[in-house]
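Each of the two complexes below includes chain A, the first together with chain B, the second together with chain C.
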Partner chain A sequence: MNKIHNHQLTAILFLSGAWSVICIPSLYGNGQISGTFAACLIQILCCLPMLALRTGTFSNQIQKHKSLGILYILFFLICGANGFSQLWEAAPPQLLPASGKLTAAVLIALTCFYTSSAGLRATARAAPIVMSIFIISLLVLILGAWNRADLSRIAFRTTDFLPSIRTYFSLSGELAAVWILSDTVRNHKNAAVNSYLIAKAAFCILILFFSITSGGRLIHLNGYPFFTLTALSQPLQGQRADALYILVFVMLHIMHTTLQTGLIEHIAEQMYPIAEKWSAPVSLIFMLIPAYFFKSAVLENMIFYSLPVLILLIPLSLRIRQFMQSIHKKEFTHEIS
Partner chain B sequence: MTEKNISGTLEETLAQIRHICANSSDILINRITAGGIPCAVLTCEGMLSTAIMTELIIEPLTEIPVQKDSKAFYQYLEQNLLLSLDRPVIRNFDELFRFLYSGFAVILAENQHTALAFGVQGYAVRSISEPSGEANLYGSHDGLTEAVRTNMSLIRRRMKTPLLKFELSTAGHLSQTDICLCYMTDRVPPQMLRQIKKELDSIKLDTILSSGYLQPFLEKCRGSLFDSVGLSQRPDVLCSKLLEGRVVLLIDNTPFALVIPKLFIENFQTLDDYQHKPYYAAFSRWIKYGAFLIAVLLPALYIAVSMHHPELLNSTLLLILTDAEQKAPLSLTTETVFVLLMYEIIREAGLRLPKSVGGAVSIVSGLIIGDAAVSSGLISTPMLTMTAISVIAGFVTPDLNAPVTIMRLLFIIAGGLWGLFGIGLLGMAVLYNLCATETFGFPVTAPLAPFYSRAMRDVATRVNFHRMQFGNFTVEEYHEQNS
Partner chain C sequence: MKFLKISISCFFLLLTGCSTETISDRLYTQAVGLSCDGKLSFYTEDFNQGINPPVEGISIAEVLRQEEALNGGKIFIGHTELLCLDGTCTLNPAEELLFEKGLSPACKVLYAKPEEYFQNPDNISVIHMIRMSEQNGLLCRTDLATALSEWHGIWKTALLPVQKENVPGLVLLHKDGHCTELSDFAGKGMYWLRQNTGNFTMTLQTPEGEQDLLIKNCRTEKRMENGELYYHVIIRTGTQKLNQTLQRLVEKQCQAAVHEMLAARADVIGIQDLLENSGIRPEANMPLKIQLSVTVQ
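Then we have the complex of A and B:
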């Protein structure tokens, strides 16, 4: 795979994660904010051993163990499907003008087919540009919400703490991409991953904080903190600007799905070079099908349970295996000598 | 043509020449005896200067003392007469015809296996004039011409250093067009230079009639909307590119030089930016960035907002637009596409017609069609205003005319069908198209993606030359290695 810069890795992972964050439903209290903060810390603690434990490049590993590649492909398919499912569930408040939710998803899938064909390097180059647009829109959003913010609207409920950790984890599918993408980064890999984790947590907390403080009880009407915030934060007087966030919504979903499709394409190509041409359209179809039949809650559960396996157990088991092999090799050479 | 060597008697050689060129009328063969040796002077009509020919070739030839044989005759010509500065020795018919058709005079002597060519070119060429497409207020007012050697001298006059190298070669199987690769030996990325040469050697075209024939071979990314190889008519611009380690390709018979690689951001940079004060140059840059976005997106956003997201408009504007659109018989999207297509037709007509008729086209299109269409109610005034602003904004970045025209239409259709959702989708597709475009490992999106903060001094702003003189920037910094 082509080499990418560390800031590009941060941007790719952040944008993919930001899509999940804007689709978080039903988070209304201080419990969620502290839960999200805790989840982020746990993720940093999980990522550090993953980066330390990984043995060799991911490409080498999947060529040795094809089942590993298949496992990752399945996981990214679920992440992509979850993205479409979230689109369908979050679409009504956003009022997508495409005729019907399925049309909107198909249009996004077609665009993703094109964007993923441009390669992961194009995704890496596009990510910082999209991120800068996203940050500008976020600043406008926060400026609009600033005047409405009222700290007394925060509901103190500690019961939300643990569920929010779980929610945050189930929306962090891009963590599995860290191992694959970190092979392609030139330098400062750990710093890039940590920057992404911190940026994502900051974004999530920011959205939760401002949606709670400016929305209060209104947030229950919509269900999605980010979209409530876009509806409440109107920087211009006399006209509504929330429709402009459709652009952000579309950009983030395309980045999210393109990343999943691009990773599947990359893994499939490494395992079976013949799969290069058809892996992207097939994977997009296999993302749309489960998204149509399953609710995002089901898919998020799958992500939640498989994520520890992918980011901790597999690197750990490969490391142990390598360790055992090296011991065996030493014994063998000792016997020969 | 043939690569067969020159051999045999003079008569046989001349017969062969007549056979190869099928007795073409423009080949003139003059049989003379010079220094007691039968020989022939071959020229191509209209390609050389008669005065120079008489003064430098014919007269000295008649004054040559008697020589013992043809070999001594050639030796005398080479060593005692300086008939011209450019005096290649020809060994085969392929070379003979190439030099003959390039305006050289060729001398053939009896029983010799070689011929002598003398550069006495004197064909009619356009004089150096101001480039029509790259207007500049403060820069020099000379532009490239059709003659490759004149263009080489225009660059050399500005770069009096042995580090600037010109490499002449030919391309085109039949046209044998002279092409000249120019680069700074200390700054050009060697890998890129090797790849460019390899690419040029692999071209199997019969003719090279313009720079557009070679451009696709140097652009490595197929299906891209944006150029990764630039064009320029200005020698001063070419010098600035050479200083940044780029390769310039001059092509005979075209006043446009190719610059490899070209970055997207260069579409917004002009030589005048470096003449103005930095604050004004930076302001002018941002105006151009804004104009590009307006040119591409304004009509599409207008349609998307009016048709799908009217809540984005304030009530006064909404009432004006509703009132205007209610009177128009066509849908907003159809109306806009129609107006833009009409504009493109008028532009094409104005471009191809003689200048004397061009004025009439402007009157008919601007006054008659435009005014009549609005007053009859076929087209709404707000939509026409938006389209006109968008078209005028497109003039700010003339190099991007082709992608802007196509993108504007596509965005209008996407905005009309799916509103901001469609614009978002297409915007991402265009962004990826731009990000995927690269040539010889140089991404056109550099220095924005990948981001180089040091380069922002000439992108987000324009620092003064006190700071610009440090850094020794070369384009090699942007090269992206494959794994």
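Then we have the complex of A and C:
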């Protein structure tokens, strides 16, 4: 894979994360604002070992230990499957591009197959364009929601603090992509990853803020606050903003799935060069099958329990090994001299 | 593989969405009426054909299906500006229309009997009358989303506009169907307690005669102290004269509004949110003490 720019890395990770945020259920408590903020800080700390690893460590390791590569492929398959499962569970009918959730998922999977065929670099290049459309839609959402905002509903609370940290982590599957993608960034990779983490937390807090202030008690009726907000936020009197939300909704899902497919393709290609051609369609099929049979809560649990191993334990153990090797190397050079 | 990619690209050309439906296949409603006396009755007036015959059914899905069959078009209620409800109908069908059928949250909800209203509706003038009354400080802002949010509160009462002889009035519609009409004086008080806008001219009666005063802005600060609820209305006029007269008038109007609202066991000024944010679990029968103050700057 060719190198990508740091802002492209931020955009692609953020868009994948934003998909998860819009599909978070039960996000409307005052205590969740502080929980999300705390989760963001923990995630910044968790990313430190991945960012401290030498460039190319991941490629070297998966070529040496194929089981490691398979572990990551399985994880990205679960993340992709969770995306489709969220699409089936969360999406209101008016935000789907086709009638019937299965039809919509198959059409999106076909699009993802097409977009992932150009490789991760092409996806990364498209990410800032999608990001700009997303920001415009977000501004429209804010404009509509601000008219209804009642700031007196905001209060400092600690209830739901720990559950919200857990929810935030279980919907942060793209964190595992940080290690793989940061290898391909030319420079300022730490700044790019931190920007993504802060932007995602800010987006989540923004949705929480408007869910509480603008949604009021209506947010409790529908399990998914973002979709309630899109129903409530119609800032233009003579024109509905649904088309913009449909566009963003579909594009976020495509970016999320394309990232997972692209990563699987990238890992498979490095492990078995022959797998390059067929890894994308096969992975999309293997995302759709578990998504059909498992609820997103089950897949989110899988992500939550495997995430610490993939983003913290493995990179940390490798970093310690690299550190020990460098000490031995220094001692050896010192002895020779 | 290349063939597969080209095939997929060609397939997407067929998905423009323009091939199957024309604008005449759709029925764009301007006003919708709901009545639930035994069965759910659904009234519509659309932009093309005018008033449509009412249909009856047991659910929203069924009445929409019947309406589509009767009028020969796929119904789209996203541009509906007025929803007409009476005491027989709870807001549950309206909730379904909002979240599942794309009814606008800013849609005005009028308290009226749909069977009477839809005999000779004048939607445009009713909608404009409500909007202009809201802009000119004669009526507090109400819409579908606000009404639904209020109805889901512990006191289960929504504030809705009602047609009167001159300007629209206000009613408190309880979830069980009974409604309490607010006096004109209390209705004006509701404007100050709920509104956070302004920019209109009002006329005050003074010993020197009638005088006009520009209201630039108004907002309400709510807080809870020592178990009492405090509502502080701040009005900005940009002038010093007549401020005391306005303050006395607004105080009286707000007191009337709170008195009539509490007498009807209702909450349409955010009492529940204030109690919950102060860590108090609100109950329907709990005694409430509200302190009102007005500052005119």
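Everything below uses one rule, namely that the second predicted complex is superposed on the first by the 300 of 337 C-alpha atoms of A that agree within 3 Å, B and C clash if a C-alpha of one lies under 4 Å from a C-alpha of the other, contacts with A are read in each partner's own complex, and residues count from 1 in each chain.
Operating definition for what follows: a residue touches a chain if its C-beta (ideal position, glycine included) is under 8 Å from a C-beta of that chain, and two chains touch if they have at least 3 such contacts.
Computed from a predicted structure; not experimentally measured.
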Which of chain B and chain C A:Thr159 touches, first, second, both or neither: neither
First (chain B), second (chain C), both or neither touched by A:Gly119: first
Partner chain in contact with A:Ile129 - chain B first, chain C second, else both or neither: first
Touched partner set for A:Arg240, first chain B, second chain C, both or neither: both
Residues of chain A touched, compared between chain B and chain C (which is higher): B
Partner chain in contact with A:Thr333 - chain B first, chain C second, else both or neither: neither
Partner chain in contact with A:Ser67 - chain B first, chain C second, else both or neither: neither
Partner chain in contact with A:Ile108 - chain B first, chain C second, else both or neither: first
Partner chain(s) touched by A:Ile254 [first = chain B, second = chain C, both, neither]: first
First, second, both or neither for A:Gln8, with chain B first and chain C second: first
Footprint overlap on chain A, comparing chain B with chain C: 107, 111, 114, 238, 240
Interface residues, chain A side, partner chain B - complex: 1-3, 5, 7-8, 96-98, 104, 107-108, 111, 114-115, 118-119, 121-130, 184, 236, 238-241, 243-244, 246-247, 249-251, 254, 258
Chain A residues touching chain C - in the complex, by the definition given at the top: 30, 92-94, 107, 110-111, 113-114, 117, 148, 150, 152-155, 215-218, 220-222, 228, 231-234, 237-238, 240, 242, 277
Complex interface listing, chain C residues touching chain A: 1, 5, 8-9, 11-12, 15, 78-79, 95, 98-100, 102, 104-106, 145-146, 148-149, 152-153, 222, 270, 273-274, 277-278
Partner chain A, residues of chain B touching it in the complex: 308-309, 311-315, 418-429, 431-433, 435-436, 443, 445, 448-451, 480-483
